[in-house]
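Each of the next two complexes has subunit A plus one more chain, namely subunit B in the first and subunit C in the second.
What follows is the complex of A and B.
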């Protein structure tokens, strides 16, 4: 699809060429790029913020109470000040530093939980699909039973029993509820792939079981794994934020959910302290939109039929 | 032919806009189909035959569109009809008999109500007795008893389902029937039955028939006129007689000569005779010792014993219909499927009880070519992975350059250009190219035994002969013994040294092909051979003779004893 001679391409031709290139290389997908950009933006806030902002401002009483963001006035008529550009909360904490620390924390819990969940899922899914028989029965029934249990219910009990937990601990607990669907998905794929011609060919070629699993089957599972991973990151974040908003997350570490919990508790809604709960909610929204876009983009990458030319 | 044609296609062009530019699927096609005439559309996959049929039904898949020309259905210009008018036209005036009958019936409805739906949708509500009468009539006209109407689709056999689809198609007496490869999923015996039914019913209601297919033999036995399509162009059109006796276009000649005949000229050139590779062991290469396979209560393979010496390369064919146990036999030989009873011995070693080293040796020496060339390549890797990996795995590779050279040689040996194919991804190659690559793979490993399980049944007809001669060369030039599993007696006749005919897990006739296939004695072998459609107009095949009843012949075959028609040295079948 390149022009043979040196004639300069017209604008329409260039556009067409670009479109074709995009079709040829599925990874150049606008949805995927936008989604990744949004999430990287959140990470960037966390990283850059640590260098340019004074993080001691997350401690209670380190700043004046209930200051609005710059350009706004609170109910007492105080204007926002440059020292606290996003305002401060009812406990005298700076909103910007809360976000710099809290937003990456939320993302971290989600990523870690689903990374662990996916690893369990890949392991169990492959074992079930490959070994069959009793192993398969146990894993399948286990996953099916676990999928019917509402995770929040169990987690509420766990968290209240544990009291204060660390972020990693919370990720571990959530991971216990996101391995089921990857397990089922991978098991189904492995079962159908086991019958496929290329796996038989690999067997004929004297390939070992681990070769068949990791070199022949796994690469073909990659699009599914990516999609499943992103979906479980979303689920993990929703679960984590849900717990935090209930006040059951880590008590000492700022997270977006914890900030919303405190805002609600302190009556921020009635006092019109919208920046206190609004900014974390907005950031959560951006995280979810980013994840959704990545998921849609990956779907198009792995399923060429969804790719449109326009 | 004074009356107006049922269907007139005039300069019909159909195109599909795709990312790589617009594809012309059909290029200005002009053709008439007259009342009561059967017109066959023949061509390879991708030649535009199904696309044309779908355009007549206005059912082209997005983004395909008719870019020029007219489609005239006895006076109505189809292209000017709106959605609602087209809906009324479908089935009542044009009936479509689909390729896969198994997927065309609603699995949760009995057969009858599905037929009633068609009547109600076109003629409004009728009372129950009237509907019942008409569905019974339609079923009877395709030779099915009315009680079939009360059954669910999964309770019917493939041939019955296809006949139900025909019954559904003719229930409103359409002017034109379009049959899109109506028998491609059926075995030869059922195929003959279904085509007979189709021809009967068509002459009874006097409609036009547009029959789509790729099998010249079947076409010759079915239609009056033939239209040969290649790359969307009508390259030849005439009566079957004209085309078979004096084909003008080279492509038509190819199509006709690609149908292997029992007897007649061989498409092979058995000039070179290679010696089998020297074997260290004096044990026979492969021995079946009373092998039996059950799936639950169904016996797929009755106890069978044979010995293949393997000192001279031979091709042993195993023929039979689907369900005869031939593929089960193949997978037992490869060790993918343990036998329920008995042993399979490779050079005296039970293949189910091998240690790792023996197993690798067995894998190296017993290779396979499978039916589906599309599934045999991992879509993640370039195709050379499938050739390179086993070569290294079996310790044949000494260096990267030597592997590359071996791959190139093997490709060249099967008539592929290595520079062109080796670095591609599987989806960039055609089915024929992939199947040849699999043959090349077997060649690289130079096994002692190759199991070829229907190696050409999913490849376009014009390529079959080439691939079969590639496989034949493996024996002739490289001294590999081959077990050729197939349903196609004509090819088995040409390639094999010994033929076993399998029927319901039994060997019913065995011996050299000239005897078994050339002069069959067992009723089942005769039934199979009678069912093969050949491009020979003199032969009565689907002429609707009432005395041809496969069910009765099969019952007879089941009672008849196995016929042993002589032996060849190097292969011993133990007589039961």
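What follows is the complex of A and C.
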């Protein structure tokens, strides 16, 4: 053994050694884990809450008005009570039950819209990149055109024309606006992959188009697809919350955005009812930060150079 | 057009025209698919004002004729499209008989002003911070603090707006809660009016700035890493130029250019976010106009506002695409 082994390892070296010990699995990185934990926390609130909390309190007038969270006092000098640990809103609804129902709803819209949008994007991106020619032209121009149209404004027109929409309907509508970026991304990747050796090898060996698409190319796209998926979840939730804050979106189902809308309209800011708008805002903040962390973590998965930097 | 190849220009122009046409068409089709009859809404508004309305059938027919919805769909469509080209969206139903274009013209300067101001601030701050994150002479605090602040960039401006509004307007009362200028000031080119506008605009602008600067900073960080190792930077260092001079004139100058294209992709989201900020601050721009129109079911205004905002977005993207080779001579347009 030489003297090198006796030298104390620097921090970077130790980190490197730890990384090698767990087989350098890029999927296990702190950003990804923290991000996923934040989102799972929101889901957990929704699931556990349904079992331990009385959800009838979500109806208007089922609780005293404008009670503060425990440990605080509202302007009328009422203290928070244990029956409503997060306080109540101006319509007499329990904030905790609003969150238990509302927060998962927000995630649901984001996930459903992006799942549909991604599926469209994968299909169109592969078709454009693979077939080329006319198909490619149409899809490329279509994606270019749609990418500049802000979804919020089209959906504002839609929802004000149709009035109340269901949560699923809103997700479907948003899905119509989150397929463009994945389409462009996948098309570009497919075009460059088509030139790579293993795809040409598969083509030469007579593999079918669908085999090349889904067995040879798709697995290599997984980190990109995940990243693109998370980005469209963010866009979808931003759009959904935007609609809800404008008073559109589902009218009878509690969502975080609608709670904020009602709070602003009731003048909660001036009346110092901070828990009414603050708690939904905080939860939305957690959702967005969770999504950002996951996205940064996924960047490290797909771009190994970034791993050295952090 | 000098350096811009014709194919590229035609390609961009087609995309621009298609974008506007498709957006205008979608906006037109949607209300026609809806079971809601605008004439009945108008009648309902009358009835609400007058208590009861006699001869409602005749009034409905007349209203339909006024709104032009008794004509064949194809005629309606071409009338609408040719109107939209000259920004004629008909009359507002809630603020009858004000033309929609007048309402939009009154709101537009506020929106554009707020947008340009906050964009300039974020662009400068974001890019500077992004550059400092990479620069090897920046203080350690900067390199640790900025990535931490980056967490906020995932948050839409409406949430930061609420928070800032509560802290600085409701609690500390340093800034007014809502509006674009004080109701006690006569609008005009007086110092007190300008002061009032700046005072009112500060919080809306800040709420956009705090959540968007990170987008630029992140992009700049990536670009600076690329520029850092370039030969011309090493040469400048070897020549003994001042580090600050190298940072500004050699590194940032070269790294900043692709950021301008990033702007083109982001502008749609920025405008949509700003519309919401205007709504919560009741700022006199397009956002408030849109929100009031939604409340009043004022369809011509909703259509007009959506159309104009989409138009602004599409035009900005088009301009950025065209101007880019003039800003960055390294880029040659290729006919895509």
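The rule is simple: the second predicted complex is superposed on the first by the 287 of 310 C-alpha atoms of A that agree within 3 Å, B and C clash if a C-alpha of one lies under 4 Å from a C-alpha of the other, contacts with A are read in each partner's own complex, and residues count from 1 in each chain.
Heads up, the rule we're going with is that a contact is a pair of C-beta atoms (placed from the backbone, for glycine too) under 8 Å apart; a residue touches a chain by one contact, two chains touch by 3 or more.
What you see is a predicted model, and the numbers here were worked out from it, not measured in a lab.
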Legend entry - subunit B versus subunit C as contact partner of A:266, first or second or both or neither: neither
Inset, instruction - Give one of first, second, both or neither to describe whether A:253 is in contact with subunit B, with subunit C, with both, or with none. - result: neither
Inset, instruction - Examine A:198 and indicate which partner it touches, taking first as subunit B and second as subunit C; both and neither are also allowed. - result: first
Inset, instruction - Check the residue A:120 against both partner chains and state whether it touches subunit B (first), subunit C (second), both, or neither. - result: neither
Inset, instruction - Considering only touches as defined above, state whether A:216 meets subunit B (first), subunit C (second), both or neither. - result: first
Inset, instruction - Between subunit B and subunit C, point out the one touching more subunit A residues. - result: C
Legend entry - subunit B/subunit C common contact set on subunit A: 309
Legend entry - Residues of subunit B defined as touching subunit A within the complex: 19-20, 334, 336, 359-360, 363-364, 367-368, 370, 372, 374-381, 386, 389-390, 393-394, 438
Inset, instruction - Can you check the complex and tell me which residues of subunit A touch subunit C? - result: 141, 144-154, 156-158, 160-163, 234-235, 238-239, 241-242, 245-248, 260, 264, 269-270, 272, 274, 277-278, 281, 284-285, 288-289, 291-292, 309
Legend entry - Complex interface listing, subunit A residues touching subunit B: 1, 19-20, 23, 196-198, 200-207, 216, 219-220, 309
Inset, instruction - Could you pull out which subunit C residues touch subunit A in their complex? - result: 14-15, 18-19, 22-23, 26-27, 30-31, 33-36, 151, 153-156, 158-159, 162-163, 165-166, 169-170, 177, 225, 265, 268-269, 271-273, 275-276, 279-280, 290-291, 293-295, 297, 299, 302-303, 305-306, 309-310, 313-314, 317
